[in-house]
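What follows is a set of structures for review.
Consider the two complexes below, in which chain A is the common component and chain B and chain C are the respective partners.
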Partner chain A sequence: MLAGLRFLLHKDLTLERRGGRVVLELCVLSLLVLVVLAIAYGPEAGGRPASAAGALWVALILSGLPAASLAVAAEHENDCIKGLRLSPLEPSTIYVAKVAGVGLSMAVSEAALLLLLVLFFNLQFDTNLLRLIPILLLGALGLAALSTLLGTTTSRLRAGEMLLALLAAPLYVPELIAGIKASTAVLGGSGLTAVLLPLKILAACDLLFVTCGYLLFEYLAP
Partner chain B sequence: MNIALAEALNLSVMFGLRSVLAEVNLRLERGHLALITGANGAGKSTLVHALCGLIGPSAGQVRMFGQDVRRLQAQDRRRVGVMLHRSMLYRNLTPRENLEFYAKLNGCERASEDAARWLERMGLSAVGDQRARELSRGMEQRLAIARALIGEPELILFDEPFASLDPQGTALVVDLLQERLARGAAVLVTSHETVALKDAEMESYRLNSGRLLPAGAEANRRIVWRWMLS
Partner chain C sequence: MRLSPSTVFAAVTCTLVPVALFMVFVYVPTEADQGIVQRIFYFHVPCAWAAFMGFGLSAIAGGLYLFFAQQLWDDIGYAAAEVGMLFCTLVLITGSLWAKPIWGTWWTWDSRLTTTFILWLLYSGYLMLRVIGEDSEQVARLAAVVAIIAVLDIPLIVISVRLWRTIHPAVLITRSGEHGLEDPRMVQTLLVSMVAVTLLYAWLFWLRLKTLRVKSRIYQLRQTLASAQVTEDATS
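Up next, the complex of A and B:
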């Protein structure tokens, strides 16, 4: 499984490097969302953890869903997904590789997102930002796992991207709430031990989404 | 009696209420070629999809290497080479990278050498490092055939392999298939035209509205060497 995972990830990263649009779309959409929210909140939002955390997670979900959909749809070009399904790879390996690829793209864009957040919401470059990293990584993993699983089905449909958002957003709500609560607390100066419950919720949701994807991908992919 | 590498037993496929394949029975044995002809929409592609397990049967069964095709183990999937209507190639990878990628997935230990060998065999060495999206349709078809054969499969399922190929390309593919047949592979080829392989044990079928009928001895005698005529 590990060898297959490595080949698939290498292929995905090569494709992304050669004009893939996933990271670009993630960054552009995140920037747009942050700009709009920064204007909407006005100058008084500067330094308010709740506003910054809300904006961060709205940007994550609004950019993450279309980007994941794009990543999954890339496998349907030329029916490449059928080539993978016909290969000796287990379907679960294909799923895990796709989640890892999407998750990695999200992690890269989250780094850019954090920088933009500091800029637009007048935050300090301090350890609070570092404490956000595990929260954001857990959130990205959950979103990648969920959107890859659902995107596998919806990307073959005409209104697939919209359908993906309709299906994934409600399922992602528990992670969204936990993520915003944890991020708000951390940006307000709390340590990670103070946000253990939201972190546990994030980890539990991730586990649930990844397990469901691991088991169901075989039946959802063509 | 030879052992069938693949067989369809009363295979029926329905898309909604429309019957696409109806009670198809087919055996693919070592060293044998099954040529399936039929008009557009006759169900040839659906048959290949069902045989390789990409479409589940509405009724009946597809068995490969003695097992249900949908429960095929990884080591058995490695023994099957499939070419479908679309090339299954990554357009932003080069032909070399595409072949190396699929060779690695198939467990080839010398993927780079295999890829180089197949590029040369298919006459694609000169374009081996261009992006696949820059290839002509015929070149893409040659690459798709190399992709399907790079794992040295024992069972070959080709959907319209001669489409978009020039006479040299057709002759090349015919040679490749003859070579595989001589080594004991079982081959299924669908085509809207008839084509023949020298010295091959060939069975011709005609797919008509989802029903598979033997083309008959008379039809076999009338089969032409397409590339010789052209």
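Up next, the complex of A and C:
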């Protein structure tokens, strides 16, 4: 399984390095969402952890869903996914590799997202930003696991991107609530106890989504 | 004379629903603290039960469809979720009508309300998938997967009043583990309402399932006709 996983991940990362479509879409959409929210909140939102955390997670989900859809849809061009299914690789290996690829793209774009957040919401460059990293990585993993599983079918349907948002966003709500709570606590300088419960919820949701995807992917892949 | 299942469901439901209404509005005593508005509880709880039953049935049918790939299971899953969605909407509406006089607001982001609303959103996505997506095997498979994942929200709704600090009353099983209905007539009324709403669910589910079975049959016949046409064109 590991050799197949490494091979598929290498393929996805090479494609991303050459084209950079997913990371580019993630960065541009995140920028747009942050700009819209910064304008909507007004200048008084500057330095307020709750506003910044809300904007961060809204940007993550609104940019993450179409980007994941794009990444999965790339496998349907020239029926690449059928080629993969004909290979000796297990469907669950293909799923894990796609999740890893999409998750890594999201992680890269999150670095840019954090920088933009500091600029637009007048935050400080301090260690609190570093403490945001595990929270964001857990959020990205959950979103990647969910959108890869559902996007495998929706990307082949009419109005697929809209359907992916309709299906994935409600499932992602528990992670969204936990992520916003944890990020608000971290940006507000709270201790580990305030972050522990949301982190546990994030990790539990990630485990649930990855397990469901691992078990059910073979029924959705063509 | 042989009675069809829908006639039997209709007859029993139409008998029991007026009995339940009589008990809710006449038989059961008015609750001392909340007054007359508490009677909405006898609609709210049975509707929640029917919604959970429907979504549970949809998830089970989804699992069986993924395993056996028989159209019947897909139709059962679709019908169960659709009727379950109707009752889930009624849960939110009746809860909101109760909340306004008791809490002073139509809606609050309480943990049980939020998790129930998430369930409603999940199945609204499921139904949108059914409406927008084509009648194809891939849509049926995705719908089955969504139903299986979405049903995991139900245990969360049930235990939410114990997991988090919440203002939602825990009546059936209180936080101390007892039940909060002090008068035996309240228990009787709740039980009759539960049976009446369950039968109403079963009747609506049966009617919807029959329609879906006919639709599936027509779809199959169209497919057969189209492939026969292709074969005929190829040979002529």
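The rule we apply is simple: the second predicted complex is superposed on the first by the 220 of 222 C-alpha atoms of A that agree within 3 Å, B and C clash if a C-alpha of one lies under 4 Å from a C-alpha of the other, contacts with A are read in each partner's own complex, and residues count from 1 in each chain.
Here is the rule we use: contacts are C-beta pairs under 8 Å (C-beta built on N, C-alpha and C of every residue); 3 or more make two chains touch, one makes a residue touch a chain.
Everything numeric here is computed off the predicted structure, so don't read it as measured data.
Asks: For A:Leu149, using the defined touch cut-off, is the partner it touches chain B, chain C, both, or neither? Pick first, second, both or neither.
Replies: A:Leu149 contacts chain C only, not chain B.
Asks: Name the contact category of A:Leu166: first (chain B only), second (chain C only), both, or neither.
Replies: The answer is second: A:Leu166 touches chain C but not chain B.
Asks: Applying the touch criterion given at the start, work out whether A:Glu77 contacts chain B, chain C, both or neither, answering first, second, both or neither.
Replies: First partner only.
Asks: Applying the touch criterion given at the start, work out whether A:Phe7 contacts chain B, chain C, both or neither, answering first, second, both or neither.
Replies: It touches chain B, and chain C stays clear.
Asks: In the overlay, answer first, second, both or neither for which of chain B and chain C A:Leu86 touches.
Replies: first
Asks: Check whether A:Pro174 is in contact with chain B, with chain C, with both or with neither, and answer first, second, both or neither.
Replies: A:Pro174 contacts chain C only, not chain B.
Asks: Is A:Glu44 touching the first partner chain B, the second partner chain C, both, or neither of them?
Replies: neither
Asks: Please write out, lowest number first, the residues of chain A touched by both chain B and chain C across the two complexes.
Replies: 222
Asks: Would you tell me which residues of chain A are touching chain B in their complex?
Replies: It is residues 3-4, 7, 11, 14-15, 18-20, 77-80, 82-90, 222 of chain A that touch chain B.
Asks: Taking the touch rule as given, give the residues of chain B at its contact with chain A in the complex, in rising order.
Replies: 52-54, 74-75, 77-78, 80, 82, 84, 86-93, 97, 101-102, 104-107, 131, 147
Asks: Within their complex, state which residues of chain A touch chain C.
Replies: Interface residues on chain A, with respect to chain C: 149-150, 153-154, 156-159, 162-163, 166-167, 169-171, 173-174, 177, 208, 212, 216, 219-220, 222.
Asks: Which stretch or stretches of chain C touch chain A in the complex?
Replies: Going by the criterion above, the answer is residues 66, 114, 118, 121-122, 124-126, 128-129, 132-134, 138-139, 141-142, 144-146, 148-150, 152.
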